[in-house]
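Each of the two complexes below includes chain A, the first together with chain B, the second together with chain C.
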Partner chain A sequence: MRSSPPSGANLLGTTRAALAAYRVGLASSLAAWPVLLGRAIFYGVCLTVLTAFWDKVGAARLAGTLATRLPPGGLGVYIGVTEWITLSVTPIQLRLEDDIRSGALEPHLLRPKPYLAQTIATEAGNMTARLGMIALGALLILTVSGRVWPSPLALAFVGVLGVIGGFIGILLYCLVGLSAFWLRKVLPPLLIMQKLMFLLGGLFAPISLYPPALRALAEASPFAAHLGFAGLQIIAPSASAFCFALALQAFWILALSGLIALAWRAGLKRTLQGVV
Partner chain B sequence: MGVASTYVAQQRAAIRTSFADRANFGLQVGGMAVNNGFWLVLWWLFFAGFRQVGGWVLSDVARLLGVVYVIFGASGAFFGGYRDMAGAILRGELDAYLTQPKPVLSRMLARDSIPSSWGDVGTGLIILAFSARLDLAGVGLVVAAIVIGMVAWLATTISFGSLAFWFAGARSLSRDLADFTLMIATYPSSIYTGWAKIAAFTVLPAGFVGMAPVTLVREPSPQAAAVAIGGALGLSVVATLLFSLGLSRYRKGAAPGS
Partner chain C sequence: MNPAITVQELRKTYRFPKGRRGFLASLAGLVSPDYVELEAVGGVSFEIAAGERVAIIGPNGAGKSTTLKMLCGVLEPTAGAASVLGFTPWRQRQALAYEIGVVFGQRSQLWTELPVRDSFALLRQVYDQPQAAFAERLSSLVDRFGVGELMDQPVNRLSLGQRMRCEIVASLLHGPSLLFLDEPTIGLDVTAKAAIRDFIREQSLNEGQTVVLTSHDTRDIELVCERVIVIDAGRIVIDEPTGELRRRFIARKLVTLRSQAPTLDLDLPGVTRRPAEPHTTVLEIDTKATRVDGVIAAALALGGIEDVTIEDPPMEEVIHEIFAAIRR
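== the complex of A and B ==
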């Protein structure tokens, strides 16, 4: 693996390698279809528990509390969207942790294809299979649950923002994985990242329910671009909010890619110096 | 050496290894404390907005969190090999244990001690000290609840990890199953009715990890003790069976995931 980003001359080769890795990831996930099916069932169980929580909160409708601001149909579909993305993102941090800490990274450095781009592309392929399978499960659950269906436009917005949000999730977890250059185990940064997803991503509650300052902070973070914006399209679908979310997602893909490149270079330097 | 003394010796070595890199150890413990603080802040924000859920208020959730953090932390510190059991199976790391005379499962559990787990134990104890208002009998009940919850949690994660004997993609799935079980173990038990309750006591047995042990602390009774202990024992039987079946398959040469 090169320690520097690909130059213009070999960008085409890098893209080809990434596309091939994406296809490998997609095919390997589809081949393990029983696990995909198990994940879809797991998604259904998650929804059962989490919607029970919010249905209980919404049923109380206590005066003077935020319960009165919950949507009439509850947060079941909103949770369905955020969990769809969450459970589709693959644990790239585990692979990076393993390779970095076990020394399995070094053989890749001798090869002409970029290790990190290929790893991210493989995980994106895995994620695509999960997104498809869980989406099918989600639509089935929505049909049998008797809950009100979102409008087709809202579903289209959710589909686009959800897929891009999933890719942002891979980039976030990639940063966590690269922390293995400095930490023996990536569990603590992983858990902190997950909690930020709960708090700022809207995984715990929609960020539209937050006080204005916290909502602004959440919207400016990559976590809303990862999860929250797709979920909000279920509560209040709007073309302008969709465009705003797309712009922020594009910004965060660029910003996170830059951060990953920086972390990779710094980490690789440590590896080549024998510090890791 | 007996099984127990082998376990203790191996685990002591794992703990010493986890302490060896002091800076890394401190970072991991601190990171976990921050993580736990986040979760408490989330619940604080929730109750600031919604006041209560099914009769549970912030102090009830804080006590639940305290117990669950200590369960999770003590499991990681003293039985840390459970955390990536599926990964170890898929990497073929069982082979070395199969050539040795001691039981495979105990060797796998003792192979690691997770440094960040001490952060869980610490924050759990601090939360309990501030939220539980315990007398001596109460302390005894909390200790019993933690031991029961640990048995239930370890049994649950061993069952999830054993999926790797059958499925190649089980590493990620078993982690997600374990993480989600842990997460819903920190939700107020008052939310569980109908299908959610069935799920929380069967496929994702968070009910036996957090809810039943904490009920024993909140409302001690022979019935609460029977549910908590019975659940933990039942899960242990399932975990032992699943692991034994998988190991028997592995011994016969079936590659993990095939």
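== the complex of A and C ==
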């Protein structure tokens, strides 16, 4: 009994295996549908609390601030989008930390396909299931709450930027997870990352309301590409802003992928030398 | 026969930063750390022929897992050379992966939330297996390992024995010619262990696969492997056939006598009585001092003997004897 000649050391084989891993991630999340449902309910609870607060802030329309530009109830739906993405991104950093620190990485390294590509694809599959379920919850809440529905164009823009933004989130958390090659715990870099997401990503307030300098800084960061750009489209849909956001998201996917590749290569070297 | 594995003077030394006491010393350690070096493998050399079943054993910390990791390609040696199926493992890890199967007894390679069938299907993609050939091989392995009824169950609902059978099937799905097994029966009950050993031995005999096994369970070694490499403190101390090992290290036989009388009055030079139930006498015979047939003749002369069994001492005692000899 011999294996067939290796034909998978090429991009096609790797892509096929990654797609299979994506399907596995999707299938395993869908199989655990009660967990997905629970997550959608949690999303609803978060949104109820946050929109009750932000609707009051928005209604005040603080004079002299950019808040006057927001549509009525705009902050509430904005939060709905950023929370949709935030709650859909899977904790890939925990899986990486566990595999790297426990030695469970070794069996994965004994396979002919790259571990990291397989892991990211699986997590992307998980995230897709979450995005779908929470999106259904979001639309249900929108209907029940009696708010004005965003235009179909806005929903389409949000859908595209949200899914890509979620993938950028996976890449960001992946980078945090890879720090396990050097750190015993990934919690410290994770906390820093989350604070940056809160501040520069516009998790709770649109970055369009920020002072110009801070806004420019936020827009140039990967955190706005992760959360803020999708959120902005729900309150101020614009084809040009959509294209700008898409271009920045593409840039950050490339840049983060490069950083991840460098970190992985350096970390793997340590593992193969028995340092980790 | 061509060697499947050739190892020459393979060495591995781990290097760890040395901890310092006190705050200032710790800070200084960040700038210019001191290192401690630990030699895990100190220059091992051996060959394993294609189709051979070999156990690598040794006390905890002896260097056997480190050796195995270097042969799989997940650890780079400090010095030395190795060729596994013509590949240098740590330089050609991904190419080698197509040719070897690996089972880590304590780590699963299956996707725990998914049915077994889906895990196998994903492995087909991972190993670039053509659908038809894969289906044929899967069908044959499913029959041989008796996992047909487990195929639609999620992995996390399988018993340990069932999971291990599925793990071994998973490691064979791409048709490897070399199998590395690290503690494949750890944690299993007696029946499951016996089944796994039978499967591995039959698989190797039927398909001509080379098997390299590490285990602390001496029955794994005895029933699966034909050759034993003993490593201690990073060096090979014994490398010989399993039967020869037993003969060389234990010049003893165990004779069990079932008798009508509750006890037998046998007092012979070179014979030690072991504790046993009434009507059973277990004698340990030093074959250098006395002959087994002489002891049996003496027992039969007493009369009332219903049954006689002659055994080699358990492999566990052989290993214990070897480790004790190493320490002396």
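We adopt the following convention: the second predicted complex is superposed on the first by the 252 of 276 C-alpha atoms of A that agree within 3 Å, B and C clash if a C-alpha of one lies under 4 Å from a C-alpha of the other, contacts with A are read in each partner's own complex, and residues count from 1 in each chain.
Here is the rule we use: a residue touches a chain if its C-beta (ideal position, glycine included) is under 8 Å from a C-beta of that chain, and two chains touch if they have at least 3 such contacts.
Bear in mind that the values here come from a model prediction, so they are computed numbers and not experimental data.
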Look at A:Ala60 in the shared chain and tell me whether it touches chain B only, chain C only, both, or neither; answer first, second, both or neither.
first
Per the contact definition in the header, classify A:Ala239: touching chain B only (first), chain C only (second), both, or neither.
neither
Which partner chains sit in contact with A:Ala52 here, chain B, chain C, both or neither? Use first/second/both/neither.
first
Which partner does A:Ala213 contact after superposing on A: first (chain B), second (chain C), both, neither?
neither
If touched residues of chain A are counted for chain B and for chain C, the larger one
B
Quick one: is A:Ala32 in contact with chain B, with chain C, with both, or with neither? Answer first, second, both or neither.
both
Quick one: is A:Val144 in contact with chain B, with chain C, with both, or with neither? Answer first, second, both or neither.
neither
Set of chain A residues, in rising order, touched by both chain B and chain C
32
Under the touch definition given earlier, write down the residues of chain A that touch chain C in their complex.
1-4, 6-9, 13, 16-17, 19-21, 24, 27-28, 31-32, 103-104, 106-107, 109-113, 118, 271-275
Okay, in this complex, where on chain C does chain A touch?
12, 14-15, 66, 69, 72-76, 90, 93-95, 97-100, 102, 104, 107-109, 111, 113-114, 118, 121-122, 125-130, 133, 137, 154, 172, 174-177, 207, 209
Across the complex, what residues on chain B touch chain A?
21, 24, 27-28, 30-32, 34-35, 38-39, 41-42, 45-46, 49-54, 83, 87, 114-116, 119, 167-173, 175-177, 179-180, 184, 187, 190-196, 199-200, 203-204, 206
In the complex formed with chain B, which residues of chain A make contact?
29, 32, 34-36, 38-39, 42, 45-46, 48-53, 56-57, 60, 62, 65-67, 87, 90-91, 94, 98, 183-185, 187-189, 191-192, 194-196, 198-199, 204-205, 209-210
